[in-house]
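Each of the next two complexes has subunit A plus one more chain, namely subunit B in the first and subunit C in the second.
Now for the complex of A and B:
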């Protein structure tokens, strides 16, 4: 207990490590929150702006004018000057221009580039054209949407950031364990030649790292819940519990990096950061569809990716409750932590040096 | 030469960092690449859908075929969580269930409610217009036999509003190029800055610094050598990215004026990144701080400047904040280059303004760097 207390004291004296390890996810989630605070509004449909060019000789223009008044899905205005309107199109102030030929010719849509909004406009215009061609007014179709997204898209990003924070904690584990390694630090050399049980020292280092990580994650949660006011719903205790398991995976990762790579401290930090970012990339941090692409194409990859297991755990927990999928993620995370911890122990056991 | 050899040795040890960010760049661009490259005509966007036909009638088959023709249909098992996952992660925008008796009801002119699962994205809206168009047209022929309605509907639906593309550019190819070069903001600010910082910080370690201080080599010469090494690394990385771009985007797009402007844009950003990395290694001594700053700058700027999320999703106050970052101007230039057709003063004005902001920020960093370097040089 005394050793644990002193170890904690030593860890917290490394102000730079503590500040950046704690502050990094807090700063990043704040930026995510800022970037995504509009995302729900972005999902809502806004009628594309189009301009119809007046043509007195067109017999269909008056018909279209009447129809446009009833169509909410398009924001249509009328102009006389084609060249000026074309400039608006080139500047992308409008999505398209509708031009009417003389007599009974159906209008043509002019667009600047291919895209979803342009296709929507073409679809609506086609529907109007079909209605005129058939001479019938189409009845509305009853469509019942049975899917309700109970979470905003931004939640995927918050989940991946929580996963990143858990794995980023590996740095604390690496630093803490490095102190006990004879090939890394002066204190490690002293420990190696002393009569103290090395296993105990390593164990205390790991417990210290885990406690430090949990403190950092607690601060992150306080920021998320009380400042950003992000709602995880009724499964919040489960989310916190999963984060604690994720921190364990981070700790195991840190231990593994410390034990397996006989390189300088800086390089170890680089390995941890690089691995964490790659895991987060595959778990959808830089684009949510990436996780589904990996899940479909190389499902095994995300079964051994701790960040993907964490994001999947958060997602399944908050969407479907603590079911089989959630527990599978938890078990796989524990297996990941267990396997790399066993490898680390194998590497660390009976290490002897003739000289250092 | 000694500096160069040592620098190269450090870079070689950390080469995996550059490889990792390169892999991310290629994968991200491949996942987000536009279909219909090289297409100079209108190409309708195809949202992704899944169709489950429980009816199996002539009319339901015609509807399923129509949806398949106008969307990218995916075979997704309807049991388990896969379908919900696909909708959640936007792999599928719209799921259509054609219930039993659909054809019969339409033929009789009765209302037939269609059950769908929609993730409320633009893609789902587009899918809905396609489904409802078919059903509306089919219903307009009722009452009639199913086979007749199916053939009449298909015949009428062949008429579509004609679309003319104002631009003569390969917009789909340029859209992929825009994705590629936008993601390069992250790869350069994370990967290159990371690699440069690691290599440079090796020379800033206390013991190495002490040895350098007592050596005959001046602090200024070491700094100059390091700057040359950084530039060589940056050029090498940029060359690799451009060569990879030839495969991901295609040579016709890269060697077009717009493509070459995107390359030029990335060169200017790279120069900024090199100065940023060099300043960082002069200001920050601790590795943890360095890593955290690089990650915050690279990920943060990529998020708020519209690399990972479309800029129109980003709220106005964040966009205002993004104006302080050179990445914003780099990404804005890529957006302009993706549609730029006229290369006159009026159209190139915003481009030159964006270039000048990034170059200005680079000059500012170089000035700060020289002040810091001089101060540190005097410290010996």
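Now for the complex of A and C:
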């Protein structure tokens, strides 16, 4: 107990570590937020006005009319006179004009300038065209307006950031256990010759760093919820819970690196960072195609990769609520933490060093 | 026959090609202070770290309290205290907290642990510095803290690896006194150093190491007897001719004559009336001198003679 207190005191006096674990995620998420906020501000969104020119010979126009009715993101009206409409466009009363050729050819979009609204219109038109080309019924195709899409992207980024904040806690785990290892620090030598079992050393190190990490995450969440006012919706408790479990997995990972690799401190930090990056990479955090590849080729890997479990947990939580898939992810994360902590203890148990 | 606390048999430790400890065998008896004496790099720290199961070794058996020593022999470890050569304290904690921290690694009862912490701090004389952070302490005080951290839990067996390196004389005396007290309270102590005087003052028995091998071992006196030199006479004088030096060499029992800038040292292999003889010879040749005195050889002289190397290089 006493030692836990001392360990915390030691950890908190390490300013650099505190900065990286506490301040860094907060700064990062603020930057993300700033980048997304101008397009995610829901209240300011007004559907861009566009005009479609009627053409009785077009076979696609009726299809489009049907679709436009369902897309709130666009404000479409229909006109017959192209030249009048063109003037409106030049006066910037409208954002774009859609013209239909005869028969089955797809419509053309005419825009005057470049801007957010223009981009949104372009994206939606492309989306519609694709869905028609692929022959799917419009009902089946989820056409989301760009606002929603942006918000979803922002959410994915926020979740990736939370997952990363969890896993980068591995660094705290590594540093914390290193303090107790004979080959890393002088005081570690002292702890190594003392009557404390390796299991206790690992446990104390985990608990210490977990407390540190939880405080850091609490600050992060306070910042997210009360300063940035990002809305995680009704699943907020689940998001927080999953993050706390993820943090434990990150620490366990860091502890394992500390125990398993007998290298210099810097190299160890490098391995920890590399390890977490690799986990994130395989989990699709840096491009979703990777997760897909792993899912089909070595699905097992996604079950033991904490980053993959975390992203999957967040995803299933926001899409399907706290169901079986979510709880499976949570349990697998706990199992992962437990197993590699035990392996760490086993490794350290009868550890001697070739040199000190 | 006294109880053996440590038994080391044929301990050999290699760092790549370098053999740091070479088939070393020795015992440590209960209640004694054993000095491990040797110059830098002679393998003292390596020996201690091997005994403590921190280092792997290539060959050998180590028993402590009659049982084989392993990294998870917690019951043995509980009774051991170690003061490593490098200062090992937490920069972030105060003097008192540091001692308390390391004590708590052994003593789970809070009140006992605090009592022991106070006692250890008192033993090394850091009472006035309890609230200081280590970086505020001078080198000597830091060493004392280092010792307090290693012995606070009242271990039965204590290893001290050069605890007095780079320490001012006052701190050194304080440390040596403290170590004697620990022995008087019943601890067995292994003490490494390359200071001859410390071994002479402190240790009951000495093992002299060089290149990881035992060069000589025994009590202080028996080691001195081992060496050929029995008496050493120093003459403080200037400019003694080569010819006169040769004349001294012809005196009975003279082993060697060494002349420095202001001194002349004459070594004898026996203790008779050497001083009187030498004084006579000097008078006869009308050689002026400031002082002349006779000494028993120190362990340093013994080491010099046994290994051809000076301890303090």
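Here is the rule we use: the second predicted complex is superposed on the first by the 217 of 356 C-alpha atoms of A that agree within 3 Å, B and C clash if a C-alpha of one lies under 4 Å from a C-alpha of the other, contacts with A are read in each partner's own complex, and residues count from 1 in each chain.
The criterion applied here is as follows: a contact is a pair of C-beta atoms (placed from the backbone, for glycine too) under 8 Å apart; a residue touches a chain by one contact, two chains touch by 3 or more.
These numbers were taken from a predicted model, which means no experiment stands behind them.
> Per the contact definition in the header, classify A:190: touching subunit B only (first), subunit C only (second), both, or neither.
In the superposed model, A:190 contacts subunit C only, not subunit B.
> Quick check for you: in the superposed arrangement, does A:127 touch first (subunit B), second (subunit C), both or neither?
A:127 sits against subunit B, while subunit C stays out of touch.
> Is the number of subunit A residues in contact higher for subunit B or for subunit C?
Greater contact footprint in residues on subunit A: B.
> In the superposed arrangement, does A:284 touch subunit B (first), subunit C (second), both or neither?
A:284 contacts subunit B only, not subunit C.
> Based on the superposed arrangement, let me know which partner A:182 touches: subunit B (first), subunit C (second), both, or neither?
second
> Which partner does A:331 contact after superposing on A: first (subunit B), second (subunit C), both, neither?
A:331 contacts neither subunit B nor subunit C.
> If you stack the two complexes on chain A, which partner ends up touching A:273: first (subunit B), second (subunit C), both, or neither?
Touch partner of A:273: subunit B, not subunit C.
> With touch defined as at the start, can you tell me which subunit A residues reach subunit C in the complex?
Answer in residue numbers: 2-3, 6, 9-10, 13-14, 182, 185-187, 189-198, 349-356.
> In their complex, what parts of subunit A are in touch with subunit B?
16-17, 19-21, 23-24, 27-28, 31-32, 34-39, 42-45, 86, 89-90, 92, 106-120, 122-130, 133-134, 136, 138-147, 149, 151, 153, 156, 171, 263, 265-267, 269-270, 273-274, 277-278, 281, 284-293, 295-296, 315-316, 319-320, 325
> Okay, in this complex, where on subunit C does subunit A touch?
Contacts found on subunit C: 15, 49, 52-56, 70-72, 74-75, 77-78, 80, 82, 84, 86-90, 92-93, 97, 100-102, 104-106, 110, 113, 149-150.
> Which stretch or stretches of subunit B touch subunit A in the complex?
The contact residues of subunit B facing subunit A are 13-14, 16-17, 20, 23-24, 27-28, 31-32, 36, 39, 42-45, 47, 81, 84-91, 95, 111-123, 125-126, 128-133, 135-137, 139-140, 156-157, 159-167, 169, 171-172, 175, 183, 186, 190, 194, 198, 201, 286-289, 291-292, 295-296, 299-300, 302-304, 308-310, 312-315, 317-318, 321, 339, 341.
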